[in-house]
Amino acid sequence: MANSRFEYVKLFERENPLLPDTYIVLRVDGKGFHKFSAHYGFEKPNDAKALDVMNQAALSVMTKYPDVSMAYGDSDEYSFLLRKSCDLYERREMKLITTFASAFTTEYYYWWTQLFPEKPLDHERLPQFDCRAVVYPNFQVVKDYFSWRQADCHINNLYNTTFWTLVQKGNLTPQQAEQRLSGTLAADKNEILFSEFGINYNNEPEMYKKGTVLVREITEPEKQEQLSDRQKQREQKKRRKAEIKTLHCDIIKDDFWQQRPYLE
Amino acid sequence: MANSRFEYVKLFERENPLLPDTYIVLRVDGKGFHKFSAHYGFEKPNDAKALDVMNQAALSVMTKYPDVSMAYGDSDEYSFLLRKSCDLYERREMKLITTFASAFTTEYYYWWTQLFPEKPLDHERLPQFDCRAVVYPNFQVVKDYFSWRQADCHINNLYNTTFWTLVQKGNLTPQQAEQRLSGTLAADKNEILFSEFGINYNNEPEMYKKGTVLVREITEPEKQEQLSDRQKQREQKKRRKAEIKTLHCDIIKDDFWQQRPYLE
Amino acid sequence: MANSRFEYVKLFERENPLLPDTYIVLRVDGKGFHKFSAHYGFEKPNDAKALDVMNQAALSVMTKYPDVSMAYGDSDEYSFLLRKSCDLYERREMKLITTFASAFTTEYYYWWTQLFPEKPLDHERLPQFDCRAVVYPNFQVVKDYFSWRQADCHINNLYNTTFWTLVQKGNLTPQQAEQRLSGTLAADKNEILFSEFGINYNNEPEMYKKGTVLVREITEPEKQEQLSDRQKQREQKKRRKAEIKTLHCDIIKDDFWQQRPYLE
Amino acid sequence: MANSRFEYVKLFERENPLLPDTYIVLRVDGKGFHKFSAHYGFEKPNDAKALDVMNQAALSVMTKYPDVSMAYGDSDEYSFLLRKSCDLYERREMKLITTFASAFTTEYYYWWTQLFPEKPLDHERLPQFDCRAVVYPNFQVVKDYFSWRQADCHINNLYNTTFWTLVQKGNLTPQQAEQRLSGTLAADKNEILFSEFGINYNNEPEMYKKGTVLVREITEPEKQEQLSDRQKQREQKKRRKAEIKTLHCDIIKDDFWQQRPYLE
């Protein structure tokens, strides 16, 4: 075949199969979403409908890939947890991260057209996401990973809420608001909101303060370590059928995890 | 900061910077396009408008990333060549492949809405692409890589053209057509087309036989090896402004490459 | 400096830091030890003094690197277990494996000169070892790894013992012995040894049947997860001073591991 | 077989095959040679016999592995160049670097016993080397790599020569000598040597100033790109028989390379 003398070029391809028996986190992250949100006039500090596009996209991705146990997202990012025994694409890193980057992008696009029919996406500002994989060898680090993202959400949201209150209700320019907040601690920001604007941060919507947790509720997971092929298929089917709950709860404290031992 | 005790989880992240001074090929590949093309009723063996969506998406990606020197695509795949000195995302593999997978996906979606306004994309069958990076140390292998893809395009297109002619004009069932072609050589297929259906394969459209080549026409590239930062910026600007030509020509023979020394 | 214009070549260097919080096994393996043992006239099936060179070399390596928790060796190979929190050479794979390959080689050479003063090493047949690193995410796999090596030791030793008994006492040629053993099970080999030569395999020396286990006996390990720098130094000192025991015991059953929780 | 239930642990092993059609440099580097040279009383600034041990070890390694085209060493390090088409150990990085680390170590030990029979190696101070692989995609970078090492040799040797002259002939303490040289340029050091001690640095031995180059002199290399298996064997035999020359010449200028096109 004429083709065969060129096929040696395949020898330059490389794969990176991720370590077996470890948790994989795939995190997708919006590209240039600062400009994206400005371009489409997102409400500040949070645009409920735009967040809904993110959440619907993540839910669709999680529905499509039953190996995803849970997901957590806020702002323009989402983290997907693949269970320890996951063998999707033989755990090949390149395949996993590009598949999730593409799946999230296409779902975001789709849900945008559904939720913002009045705002068609412009060619010069299309939604785009990168993705990375991180491998975690035990469940404690996995919990700490999600705690890290939720703590980050809290820090950002408190800042943004105070910043935009100063701008929108306090009539400060963005520069003045930034200067005002420079060097302040969480308590200071809470105090500004409360004493100057009568806003109790604790009463802000949970989705903004805590982000969004998607969790596949497996009521009766298989208990054995080693499953036969037939058992694996049954397990996979069970995962496909399991309900995916959407929550805006605390995942830093132990409660969330203790109630869901099947995530481990 | 409350966040800091969790930040150690970042230590588990890994990067793979691709070898400097080598050519990078990024190849995006459609996921499940057999079913995708059936779902949306693509014309067989080739759907000119669907190929146009691919080509427009590739052209948009290439316009956005001036480090892409050329691209080649056919069917549901596209290969992008990054020039040897490219330092996009510090050549981090994960970032490059997920960015291109996402960029291609979002552009494909966009161009689909433009070219197929009568066929909105259905949620159960959205376009999706994976991507891989391959590193090539010298230009001979790069040429052989693109020759490999074009030879592959030719083999597939000759097969598909004959197959669908047997089905559409010869009234064979797909199974019968497959059986008929089993074990045939290129000459046999040409003969079937010509003697049974009066079709001269050579007269088929060039885009179907040769695929599509996008090439950035740099008329006056910088000649020095080592460029200053200002020279690099000027070079980058020149690349941005350079015209991208769309061709359906032979890239296996030397002519194409000899006429474009700036690709090397 | 004249040197600086060449220093860019360092940009092509790559590192692979092994995943944190995982067990690392470094396995050194003799190169061409079949010919090596023939050249120096090793006793068959086992040469006690040659095994002693291996064991002394491993003990010296383990003494030099306190991060090694235990080691297991038989024939011409040795596996070293680095504890989960080990940060030796920042866990850089290349540095770890080449350091252990070289350390084992130089120690083997040294102990050979001590134990075989009458057989100086010949230039055409010097001892050489390669080394690989394997990362294990949990302790169950670590135990299974060492079980794998010990099971392998048993299988080889039973074969070799029977083979050489057939040759040395049964006057078979090596070819005849090989043929005789082809397709036999463990029970068959035990039976040959016992009924034909009056040898009870169970009475063979433990070192030959079980291989050699080196274990660092930490009587009071630090219990906390997170140690201060001072605590880490104290821990390291404790590890340096801890006795390294040499055993020839079963490590497939749970007893060995249950008695040494500090290995985990 | 009892062993089989443990064999899954092999799934955790990883390989890194180095990119085909690129030059591989393997650099071995002494571990703690500052203390090593003090322990065994090396002459300062250069110990001719100790350098001879390095050179003999490198020559032996190069003789054993015909894929090594050339080597360059000074002080306690040696760099080996593997030719572009080298397929030794299928280019597996771990295997290559641990094999060379071990081979160099065992040869160093051997040649030490030959050249320093009066100084047997002490257990507390055995020679040890690490090794790294660097992949270079074209010959210009390879030349720059070796230029980098030779420039480094020159800088170090000029410093050391001046430093030890100040100590040995100028009766300065090491601290005073270090202070005296702090901030000096090459010209300053040449001047100190000449005006204060009558030493013309240019007349110092070439081996000290230039390091040592080992080069496999292939008088009639195969010219074709693609060799049959039989041609490969003939080529390999030719490489084995080719003379290895030991030089102390300049490899920064082009002459050395132009005279040896077969290195490329």
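A, B, C and D are the chain letters, set down in written order, and residue numbers restart from 1 in every chain.
In this section, a residue touches a chain if its C-beta (ideal position, glycine included) is under 8 Å from a C-beta of that chain, and two chains touch if they have at least 3 such contacts.
Which protein is which chain? UniProt says A, B, C, D = tRNA(His) guanylyltransferase.
For clarity, every value in this text was computed on a predicted model and none was experimentally measured.
*Asks:* Given that subunit B and subunit C are copies of one sequence and touch, is their interface built from the same residue numbers on both sides (over half shared) or different ones?
*Replies:* same
*Asks:* Would you say C-D or B-D is joined by more C-beta pairs in contact?
*Replies:* Answer to which pair has more contacts is C-D.
*Asks:* Quick one: point me to the chain whose Cα centre is farthest from that of subunit C.
*Replies:* B
*Asks:* Return the distance between the CA-based centres of subunit B and subunit C, expressed in whole Å.
*Replies:* Inter-chain centre distance comes to 50 Å.
*Asks:* So how far apart, in whole Å, are subunit B and subunit D when each is placed at the average of its C-alpha atoms?
*Replies:* About 44 Å separates the centre of subunit B from that of subunit D.
*Asks:* So the centre of each chain is just the mean of its C-alpha atoms; given that, what is the distance between subunit C and subunit D in Å?
*Replies:* Inter-chain centre distance comes to 30 Å.
*Asks:* Among the residues of subunit B, which ones contact at least 2 other chains?
*Replies:* Only 12, 14, 19, 21, 135, 141 qualify.
*Asks:* With chains as vertices and touches as edges, which is it: line, ring, star, complete or other?
*Replies:* Graph shape, chains as nodes and touching pairs as edges: complete.
*Asks:* Inside the complex, what are the residues of subunit C that reach subunit A?
*Replies:* Touch residues, subunit C against subunit A: 19, 21-22, 135, 137-138, 141.
*Asks:* Once bound in the complex, which stretches of subunit D touch subunit C?
*Replies:* 1-3, 6-10, 12-14, 16, 31, 60, 93-95, 97-99, 101-107, 109-110, 113, 120-121, 123, 126-136, 141, 144-145, 147-148, 151-152, 154-155
*Asks:* Give the list of subunit B residues in touch with subunit C in this complex.
*Replies:* Those residues of subunit B that touch subunit C are 11-12, 14, 17, 19-21.
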